[in-house]
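So, here come the structures, one by one.
The two complexes that follow have subunit A in common; it is paired with subunit B in the first and with subunit C in the second.
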Partner chain A sequence: MSDVDFRDGHAESGDRDYSTEHDIGTEEAYATVEAAVEGEVEGLERAASLWGDAWIQLRRRVVFWIAVGLITLFTVMAIVPQVFVSPSPATHDPTDCRLRDDAGEFQDRLRPSREHWFGTDVQGCDYYARVIYGARVSIIIGLGVTILAGILGVLLGGISGFYGGAVDQTISRFVDILFAMPFLVIAILFLNAIATPGSRNLGHVLLVLGVFGWPTLSRIFRASVIQARGQDYVEAARALGASNGRILVRHVVPNAIAPTIVYATIAIGGVIAAEATLSFLGVGLQLPAISWGLMINTAQTRILTDPHLLFFPGVALSLTVLGFLLLGDVVRDALDPRLR
Partner chain B sequence: MSSTKFRWRLLAVLAVFTLVAAACGDDDDAATTTAAPATTAATTTAAPATTAGATTTAPPVTQPPEAVGGGDLSVYIAEPPFIDPQLVQDSEGFEVARTLFDGLTLYSPAGGAVIPGVASDWSANDDKTVWTFNLRDDVTFTNGRQVVAEDFVYGWSRAADPDLASRVSYHGEIAGIVGWAEINGGDGTGTVGDELVPGIVAVDDTTLEVTLEASNALLPKILAHPVFSPVPKEVVEADPDAWREMPVGNGPYQMTREWEHDVGIFTERNEDYYGELGLPDTVEWRILSTQDAAFQQVQDGTLDVMFGVPDEQVDGARVEFGDRFLEQSTGSFTYVGLPAIAFDNVDIRRALVMATDREAIAERILVGRTAANGFVPPVANGAVLDACPWCRYAPEEAKTMFDAAGGVPGDALTIRFNSGAGHEEWVEAVANDWTRNLGITVSFEGLEWAAYLDFLFGDDPVTDPFRLGWGWDYPSAYNFLGPLYHSDSGDNLTGFSDADLDAALDAAIIAETEEEGIPFLEEAQRIAGDQIPVIPIVFGLARGVHTERVSNVVYTDFGFTLVENVVVGG
Partner chain C sequence: MFRYILRRILLIIPTFIGASIIIFFAGFLLPGDPVSAFGGERELPENLRRTLEERYHFDEPVWKQYGFYMQGLVTDFDLGESVLRRRSVNSIFADAFPNTARLAILAVAIEILIGIVAGILAALRKDKFIDQLVLVTTTLVVSIPVFVLGFTAQTMLGVQLDWFPVAGLNEGAYSYILPAFVLAALSLAYIARLTRTSLVETLRADYIKTAQAKGLRSTRVVGRHGLRNALIPVVTFIGIDFAFLMGGAIVTETVFSIPGVGFQLVRAIGQRDNAIVVGFTLAAVIIFLVISLLIDLLYAALDPRIRYE
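== the complex of A and B ==
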């Protein structure tokens, strides 16, 4: 929980006597103490840290590696879809859609075959290529929205929690207002308002999801910050003369960030699902964008006649969301001191 | 978290996914060939009994002899822009207005002809320029007042009045009624209905005389269109806004309350109707935004009748509904318009049609349809089925011609269409064809019906390809050619203008009889086939379903549901 480790109620610092080396109250004194605590001073054992221990924990868990595997798979798929598509015998261009093949035979809604690994869709597009390229939208939105919401949340939550007072009140009320709005309804409203149906793009969806995603993160972070700022080590740092900024950055944030990170990781999965939902409803991305949500939309009326249209993007979406959920879970377990 | 919890987590995620996936949204699009502006009014005298390829199933066109009336009927429509008869410009408003108002003549349910309405009989002078209509004396508006010749004079003058800004007033010009064009082309006075059209005279309460500028054998057919309905002046002028929401008519049904926008139009049988009383006690025109929603409601049994079964549901619907699945060839036509202002080079237009694999689209996406290779549907008398020699799939030739003609600005196009009516997928296929075969970037955009009509008919000229449908107003090939391609027509959205085509159409309309006009109409179709003002996609095929609760559901080849003959229950 802190870098001067209070986990078992013990402070572990070195045995050295610092009192004569520097004047108490100066920045230098403070820096020395800090360095000692962090094990940078020679002769001291490196103090165990929350993050170090968490990592040791994580790398032992199978689920962690499964989650990392899934996330890596889909992230790489998003970055270089060409690599995944290249072994396929069918066209490598997901937008090369034709109702007839070269022989003049109809090739829409084909079942999975050697030629088309995932079959073809209503327009005759190779479904495998489309599912692979669909990862891009999901990963970009998942990571992009979370980063955006994360930055906003940490910034506003941090200021709110650390400074308190009128600033906190103002920001908190604003957060309350955003919380009061039902997400889907407002998201639909905003997406229709800021972009006419024909011109809606990834940026719009990213913006709307990010703007509605940061309140929760800020609340979590604010709570952690409030708890952290009351800790003794903050008092100690202040006594040693550290500025507010330094305290925030070097002490409060690292110690308060854990729950926020856990939530954000889990939220990535939720964001990806949210984009798929919006596209499925027709208010997110639109054709000709390639998105798993859009594919599921087209597939929904053909569940009985062409189930493969639903199965492949559905599984891909589920696995991606699952990867992030699992990661969030194991990270939370690793960081939660109460489980020890 | 323990591993058991993880397993449950996994199951939960998969379960949620399955739920989400299985939820049937109502976002799907079905092909509606009838969600089109059925705006031209034309009168048909000749029944198209022997038209080539017409697969009109002969419907029982009257009420079954032992039919018992009663019950409540609900029928699906999309939200129409208007139901005021002088403003009705689309298929949806047409369905409703037809039951609320009767004009001089009525469309024959058997198709292809008109039958007497308020006019019991009519005659014309030798050169068919002066027509005399004798009206019945037992017709009343639902406010109790008798319908007289003056009501027609007022109604038609209202339609011609530029102050009303009706998009369907041009039917009067097609009919050639004296003075109509002058009034309509004038500045207006600020008041609606104050300038009386000189070509219409109420000789007395039951005699109406119509004078035309030139002979027109089709007049009685043209006059069946709702724009020529009689309307009660005192009601209209008392509160024009209330009139639009709840017009008062003389038809077999009357409104029970104001039009609830995006919800429904509620009507009940007019017990004082002069003709055969409608069978259902009430008819609810349920307004839904997508055909999918309507189809699901019929499946659930909460909606009785819907036409426009979504394409991807057709195969399943045939099995599920059995003989409650109805198919009817209709006089309608779906096309992609190519605005002349942007596509002024005929080679570009020809290249675009050759780059489109219309057969595959019709067969696969529209599920078992055939591509239209002409401009007039087979059910119409005078249709030339293969009028369009350029209507073949030849992607290499298209590419060569397209490049030679200089392509399109920015190498990009946007195709527009009305959303929620089943056009999303085939428009996407057209976009894919053009992208692949011509090397340009093609996107597409759907707009809701009323907004789409505003876009097409608004002040800014359309410069992008647009999907539209056309349902005939009177069973004549002229109705598919004049309004769409004649340079004077208000429905000519492409702005297409060809002097030879205009001349052929003008000659057709003044022909002594409909038969004598046919060669000119054939000529007009061949010119269109050469000049490609629009890309023909398919001709009308209405597919509908109904619940077990109702029977005798008939959809005419004209494109409307004979709600008055539907048997509810029993």
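== the complex of A and C ==
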């Protein structure tokens, strides 16, 4: 560890060409040696980093590839839904809905068939096309909200944990305040306060979920920063004259970020579920937006008689959430040497 | 101990003031004019309009309205008045709360019973079949959003199999069972996983090895030495969960049409009855703060390590 800090200390004087590995805690180092003894690491020559070790663990886990598969599937679906609807014999346009066909037969709430793979909804829209196009909202919200909440959480949690004192007290009290308010209720309250139902869009939902979604991330990051701050390598860097900013960016953040990333990955799934819940309650996205939660909201009174209206968007939603949940789970296992 | 209690109680005050400011001002921004709503379709006569505005302080600036509101809340526990329903928010809350409380208590009982047992079994049979089963089941349960789970349970167990009442509270205590399971599902899965992780870690501790070395029966080792310590984080989680559930279960109450706090809150949002929205949200915050305070104090009494932090 010490030589890494030494190089960092010199880099301070202008030479920034070092590709430094992240410092590793003794626990990880110990686990790596232990794993090497058992023949689990190919070649100790390679400097073992936390994430490098995690990758070796990860790529052997089936669950990891299931998670990657699910996330890739729904992300591609969000980017190019056209590819997914093209083999369907029904209309490829999710907004091309007709209550009756040319012969005058009713086309609403048809059960799944060869033509309409997922059936049709109460408006006579092809449900397969709508479920495919619904992925976009979920993925945008999931990633967008988590990035926004992640930036706020890391920034505020980092400042809070690193500087301590009055700054920490102020931020922590604010986190307490946000934590004491039921998340869903506050989201509903603010969504209604900032936009009338007719004008509510993706941006409003993203903003509200992001602005109120950071407290847990901030708490987790704050705790890791406090732990990393007290390590010897931070003392060493300080002794070598590194500035606060440098210590934060080069030593504290890389060593403290792992639990936050794990939680953020799982949180993506939670955020996707939260958007669907808000849209289901009628306080999130509004028609004509295409969202799985909104589809279930529209079908609400028909679900008991036409269960396919719940089934397809419900399964799509759950699988998307599952993908991020599994990814977070296996990454945490891979990063935690105690579980190896 | 006394200093700890005092500190813990004092910490609640800034939290509550902060939360109440955020909620009150958000409520103020909500669309809808309560005075016009009072008249319904008809235009109110000017003098009546003025009287109402003065009586409810609608003509004052927002920070003064906040002051009046907090004064009423602190001195008389008054959550305001719904002009729309011509009833005090307190009495609407008093009608809704017992339904929410019964649902929350039953849900927490289910969480404790099933969640902890599943967690213990998984930990004791780590990496065996039962452990895998618990892991897979809990992962699946957590990925299904509550409203999807609720509707699925309602359709399958309520309508098709006809084992439980579909919605409402017409069948007494029996009406709460299915909603309580749906409400409990998510936390139950967390509790099972938390119990498992915590117990697995605790059983590696030296004092467990000592107990085993002394020749204690394994039930006693796990029960007296393992579980006692392993359940600390689990009990914390259950406490916070209970505190939140008592504030209203929006989704479950909506899906199963249970006229509790969450159900009324969603209805009030739809009707733009801002007095109820603000009052109920504040009540949920108060309940959360008070219950989590009580749990913390109980904790400090049981576990001396916490007091000296």
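Criterion: the second predicted complex is superposed on the first by the 294 of 340 C-alpha atoms of A that agree within 3 Å, B and C clash if a C-alpha of one lies under 4 Å from a C-alpha of the other, contacts with A are read in each partner's own complex, and residues count from 1 in each chain.
By definition in this document, a residue touches a chain if its C-beta (ideal position, glycine included) is under 8 Å from a C-beta of that chain, and two chains touch if they have at least 3 such contacts.
Source: prediction; values computed, not measured.
Judged by the touch definition given at the top, the superposed model places A:D101 against neither subunit B nor subunit C. With both structures placed on the common chain, the touch criterion links A:M181 to subunit C but leaves subunit B unconnected.
By the touch criterion stated above, A:E235 is placed in contact with neither subunit B nor subunit C.
Once the two complexes are overlaid on the shared chain, A:V122 sits against subunit B while remaining clear of subunit C. Contact with subunit B, but none with subunit C, is seen for A:P288 once the two complexes are overlaid on the shared chain.
Of the two partner chains placed around the shared chain by superposition, subunit B is the only one that A:R302 touches, whereas subunit C remains out of contact. Within the superposed three-chain model, A:D336 lies out of touch with both subunit B and subunit C [touch as defined at top]. Shared interface residues of subunit A (contacting subunit B in one complex, subunit C in the other): 277, 280-282, 296, 303-304, 310, 314, 317-318, 321-322, 325-326, 329. Residues 173-174, 176-177, 180-182, 184-186, 188-190, 192-194, 196, 269, 273, 276-277, 280-283, 293, 296, 303-304, 307, 310, 314, 317-319, 321-322, 325-326, 329, 338 of subunit A touch subunit C in their complex.
Residues 11, 14-16, 18-19, 22-23, 26-27, 29-31, 139-140, 142-148, 151-152, 154-155, 159, 166, 201, 244, 247-248, 250-251, 254, 265-266, 269-270, 277, 281, 284-285, 288-289 of subunit C are the ones that touch subunit A when the two sit in their complex.
Interface residues of subunit A, counted against subunit B in their complex, comprise 63, 95-100, 106, 108-109, 122-124, 197-198, 277, 280-282, 287-288, 296-305, 310, 314, 317-318, 321-322, 325-326, 329, 333. Taken together, the subunit B residues at the contact with subunit A in this complex read 1, 6, 9-10, 13-14, 17, 20-25, 27-28, 292, 310, 312-313, 315-316, 357, 360-361, 363-365, 414, 419, 424-425, 428-429, 431-433, 435-436, 443-447.
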